[in-house]
Amino acid sequence: MTTILDDATRARLSGISTATLTTALFKRGLRNVFLQGPQRINPAPRQMVGPAFTLRYIPAREDIDVLKAFEDRNHPQRKGVEECPPGHVMVIDSRGDAHAASAGGILLTRLMHRGVAGVVTDGGFRDTPEIAGLDFPAYHKRPSAPTNLIHHHAADLNLPVACGEVAVYPGDVMVGDNEGVVCIPAYLAAEIAAETFEQTVYEDFVVEEVRNGTGLFGLYPLLDPQISERFARWRDGKGR
Amino acid sequence: MTTILDDATRARLSGISTATLTTALFKRGLRNVFLQGPQRINPAPRQMVGPAFTLRYIPAREDIDVLKAFEDRNHPQRKGVEECPPGHVMVIDSRGDAHAASAGGILLTRLMHRGVAGVVTDGGFRDTPEIAGLDFPAYHKRPSAPTNLIHHHAADLNLPVACGEVAVYPGDVMVGDNEGVVCIPAYLAAEIAAETFEQTVYEDFVVEEVRNGTGLFGLYPLLDPQISERFARWRDGKGR
Amino acid sequence: MTTILDDATRARLSGISTATLTTALFKRGLRNVFLQGPQRINPAPRQMVGPAFTLRYIPAREDIDVLKAFEDRNHPQRKGVEECPPGHVMVIDSRGDAHAASAGGILLTRLMHRGVAGVVTDGGFRDTPEIAGLDFPAYHKRPSAPTNLIHHHAADLNLPVACGEVAVYPGDVMVGDNEGVVCIPAYLAAEIAAETFEQTVYEDFVVEEVRNGTGLFGLYPLLDPQISERFARWRDGKGR
Amino acid sequence: MTTILDDATRARLSGISTATLTTALFKRGLRNVFLQGPQRINPAPRQMVGPAFTLRYIPAREDIDVLKAFEDRNHPQRKGVEECPPGHVMVIDSRGDAHAASAGGILLTRLMHRGVAGVVTDGGFRDTPEIAGLDFPAYHKRPSAPTNLIHHHAADLNLPVACGEVAVYPGDVMVGDNEGVVCIPAYLAAEIAAETFEQTVYEDFVVEEVRNGTGLFGLYPLLDPQISERFARWRDGKGR
Amino acid sequence: MTTILDDATRARLSGISTATLTTALFKRGLRNVFLQGPQRINPAPRQMVGPAFTLRYIPAREDIDVLKAFEDRNHPQRKGVEECPPGHVMVIDSRGDAHAASAGGILLTRLMHRGVAGVVTDGGFRDTPEIAGLDFPAYHKRPSAPTNLIHHHAADLNLPVACGEVAVYPGDVMVGDNEGVVCIPAYLAAEIAAETFEQTVYEDFVVEEVRNGTGLFGLYPLLDPQISERFARWRDGKGR
Amino acid sequence: MTTILDDATRARLSGISTATLTTALFKRGLRNVFLQGPQRINPAPRQMVGPAFTLRYIPAREDIDVLKAFEDRNHPQRKGVEECPPGHVMVIDSRGDAHAASAGGILLTRLMHRGVAGVVTDGGFRDTPEIAGLDFPAYHKRPSAPTNLIHHHAADLNLPVACGEVAVYPGDVMVGDNEGVVCIPAYLAAEIAAETFEQTVYEDFVVEEVRNGTGLFGLYPLLDPQISERFARWRDGKGR
């Protein structure tokens, strides 16, 4: 799990929307990369970027999942919160089930304090009013107050998992904006970051054009040589 | 598709809640007129009113729905964005499926610029953080970053469609407030606008009464002659 | 239905989160106490606390559920709004179905005026833009404009019901914060209030510790004697 | 609950399909009469006909719904099985939830022995392999082995309930064939039985015509005077 | 709509399982070709093969979808039943909704009599006990007695539709066995038929090998040269 | 994974219904042991009994899950089929998703030949018409023709998994009858087998009593001393 997400790639991905990323991945034949369900609790300018560190839940069993379980230092949820590397994103496979919480305010505060880049579950978090106040990217499906033991058993750390119907391998690069979360296969991250950086420049130009009354044909996608020239000048002028 | 939504009807419907409209339609035996699912991205005082201009999606097929498809000027999604008449509402039948976007920020900006009255899908939009900043009524189920080609094929324009489990015929009058969207059969729009205008005046009076402590019996619905008189005076005083 | 929710218990529960309450109930073997689905329309500092007063809906039938039904003073919805005791919470069993409204702005205004403590449905409310402006705790699944008669028949008052997949008996104590709603069996309310009051003091200490860099092991749950001492001093200092 | 389902009506309804019944009810404005979900466990020639006797479940609570509950002679499930009048149909409102059984083989055997006409749940039954062998109409959604206490609390008997998204009032006439179950409002049963008897004769004729090559236009619905005559002769010949 | 499904292709496809067909289509990048939901009512040796002739439903509207609608010879459902070409498969887009029937026994009898190859809906059929007795391939989701007017409006014929979450274009070749239905793009039908014919021969050999104790490695997929030789001999011996 | 399911326990469990087993587990506080969804493809007298050997799927990714993957002898699906110990039950965690097959006829034939006791998925199998003809217990949700690679990636073997919303640990004892599948924690298997053997004898007596007209009170559960005596004599007579 020694993914190296280089600083340049991380910086670029911090400015690319998940919409643009999914299109670049689609060009490579990857259709299922946007997590279905997880939405941001605390919309904020800060984008989430980091390699995935995974935690897997299976259904709870009443004789195993008792409050005393939390006293065990090897309990994967508690261990994961203490061991998720700074700069990584904790991704929790909750089987898409929000009947009980995947984690709560105290654990997320700890993750934030430890320098983790964000947290994603396809279930729900508890203490969401507090989480909404943290400067820490957190994505879930809906608020869920019950403690995880009621419905979830923390099975293991850093295996490939499903989250929001998407395959997430440890080390894949997770990017989250106010729209949701996309999972980029680790080996593609740098390449995608470079390509989408260009696409984003062009789309900023497109928005300006459309606001000025240009129609879509020839502009989006770019087919018209005149617009192509205009874009070159615009880009030049902006120094991008 | 030469629906004429006269200015007076449009003006009246701009001040009527979708809740009141559904009741008036229910009186005429129409029970299924409120779109299930679509919610407003950008809550704002401006109500959405306009005749429906429809776009229909079917599931995508990998050999047809490739990025190159957007280069075709007859691609129904792009064509629809350029041809939806000003003052109309674009209604997208996405089969209630938000696994990929129905449209995104650039297209909605174009619709806004062209004077379209709003856009509704029973799927999801992409670029929702940008859409939230537009002064343009947009309704969807949830944010969805993937480009539509991944999951949707734009099949045709201006046929009767299903949107949010409701039948929408081209020209039907779509009204949207911060609660959701109602579809009024074209031939009933003027009649419903007139009747609900009256009902709204009465309900404003009711709210005031309830705030002053009047109980519901006799007041809502109006059965008590004393309240009837009080309402007449109140209305007179308000000049409504 | 002469539940006595004593003032001390009510006051304590006003400061306890639903997350903490579910854990205390879990200790007693109660796993299914958090209502799945209902979310707060009008997030506010004021917590909802009060004994349940229930209203039950079954599916509507076209020959019975006509607008004239509201003229009957014994119509359970209208009767319930006039009879729900002050300080109680009206809990509506809508079979989890938001295809039509469970109630609307006028009825909720009336409940508020009558001193009711809040209202919960596992369906939807209409007039939600207005409800969002009321200083009155209201929980539902999603906005739904159609009048209840279109889909719901008000069957009876104050029987045990299902709400959000949870059993709610009249008199059970409902507590709602900005995360959702928990149902506490009546006989446990005082005991749970006392215990969770203690737990909340400790969790406030934990959050402060975590913010200062303390790890979770030994702290949460409390196992480390040194932390135990530190907590005692902290509590003393805070006078809690 | 002294519904009188006269013998002639019962006899007629024993030969009418649920498809034909729903059409007759639709003519009277009743659209929601076919129970969504329940399917027959033991397909057989014998149709189920009888007035509804209802049992209502709410979610179980761990401190109330323990095995000892069955020792109470007033437990509504056990009481209902002993008190459901012969010739009636027990209709169980399980909130459409088959996570635990609504009842099992022993109770259904008892109902059969007591002369009850059938049983319907919108949840699941246990011991379905045994039930499949009983000469007793039983309808459910899917097999479900867990005892009802795990998920359901029997709340009361003979109140109006929801079953399969349909309103069922005690005394309504339930008719079940191998397709499913329809609920006929008590006051309409005799009238519907008479009308659909006629319709069934005509549809038998239609099937014969279609097998002989007649097209649908003019035949179904009956519009062509020549076919009308042919039908008269056919009916005469059959003595129906 | 002049699809020519040549006799050789039709004959070959009559002996290929839908499982084998989906794999061949997957090799060409087509992942979404098996209709999700529709299951065969009347399991039988006869496979369904034929080009698609489509019928599209949208939600019903109470003022349009009245029984009188069936008197119109242009009603798309009735027209479709009379005009679907012999040897074709009628594919009905019911939005995956079985709350009312897509069609019933009389219409399916007519289709059968007219030489149509089969019928598929992603909703439900009525009169399913009768349909189960017809020698006519019929696929649906579950039985549904209510007449289609209650919930569906027949909108048009022979447009591209969605059925079971799959795109079906008129003329695509539908193949159905006792497992379900697959949709083959028209231009691929002959090629796929040829290729899967070969694959089926090999899989018959594999089953025999496995029954005789051969392990999977090297056999399935075929990698081992010895097995390759054995297969050649086996095929020779069988004259396939 | 050296579960020892002794022969006596296996023999006893072969005669106990899943309904009876869930009740015995419920007495020990285990409420969630019946797999929701999986149903038997090939109903037969032979019960399925064996320790769980698990296979876990996550969502497929287009660049990894290609047909060539099956050539790898370490592909967990193929490896699992060759390594699942005789007498064990292969339990497949398909995330409850039947959009593609979990396995097909050839692999199940191989499992059968290798002496495996049965196979369970919470997704679907392909080649179900063939599987229905095998003398091998197979449980799934619904038929699904597409090859697993389209939607599932085989991640690993013999980890704790979720199947049908139930936690299944390798070695837990799976028991399946024609109603469905129950998962018994390994350490409880012998104890549960002994207890339910007794319960089954009593329930056989109860069925006979009910058929002879005895009411439920005092009989089920057993409270009446007279019935207790009668049972003793009956058991004696039967030599059980």
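Points worth noting:
All chains are identified by letter, namely A, B, C, D, E and F, in their written order; residue positions are counted from 1 within each chain.
Keep this in mind: a residue touches a chain if its C-beta (ideal position, glycine included) is under 8 Å from a C-beta of that chain, and two chains touch if they have at least 3 such contacts.
Remember, it's a predicted structure, so these values are computed and weren't measured experimentally.
Any chain touching chain A that also touches chain C appears here: B.
In summary, no chain was found to touch both chain A and chain F. Relative orientation of chain D and chain F, expressed as the C-alpha superposition rotation angle, is 120° to the nearest 5. Judged by contacting C-beta pairs, the busier of the interfaces E-F and B-E is E-F. We define each chain's centre as the mean of its Cα atoms; on that basis chain B and chain C are separated by 32 Å. Per-chain Cα centroids separate chain C from chain E by 50 Å. We define each chain's centre as the mean of its Cα atoms; on that basis chain B and chain D are separated by 40 Å. Within chain E, contacts with two or more other chains are made by residues 31.
Looking at which chains touch one another, you get A-B, A-C, A-F, B-C, B-E, C-D, D-E, D-F, E-F. For chain B in complex with chain E, the residues that touch the partner chain are 28-32, 58-63, 95, 153, 155-156, 159-162, 165-167, 185. By the touch rule above, chain D contacts chain F in their complex via residues 67, 70-71, 73, 78, 81-82, 98-99, 101, 104-107, 109-110, 113, 126-130, 142-147, 149-151. On the side of chain C, the complex with chain A involves touching residues 17-19, 21-23, 26-27, 31, 33-34, 36, 39, 43, 177-180, 182, 203, 206-207, 210-211, 213, 215-217, 220-221, 223.
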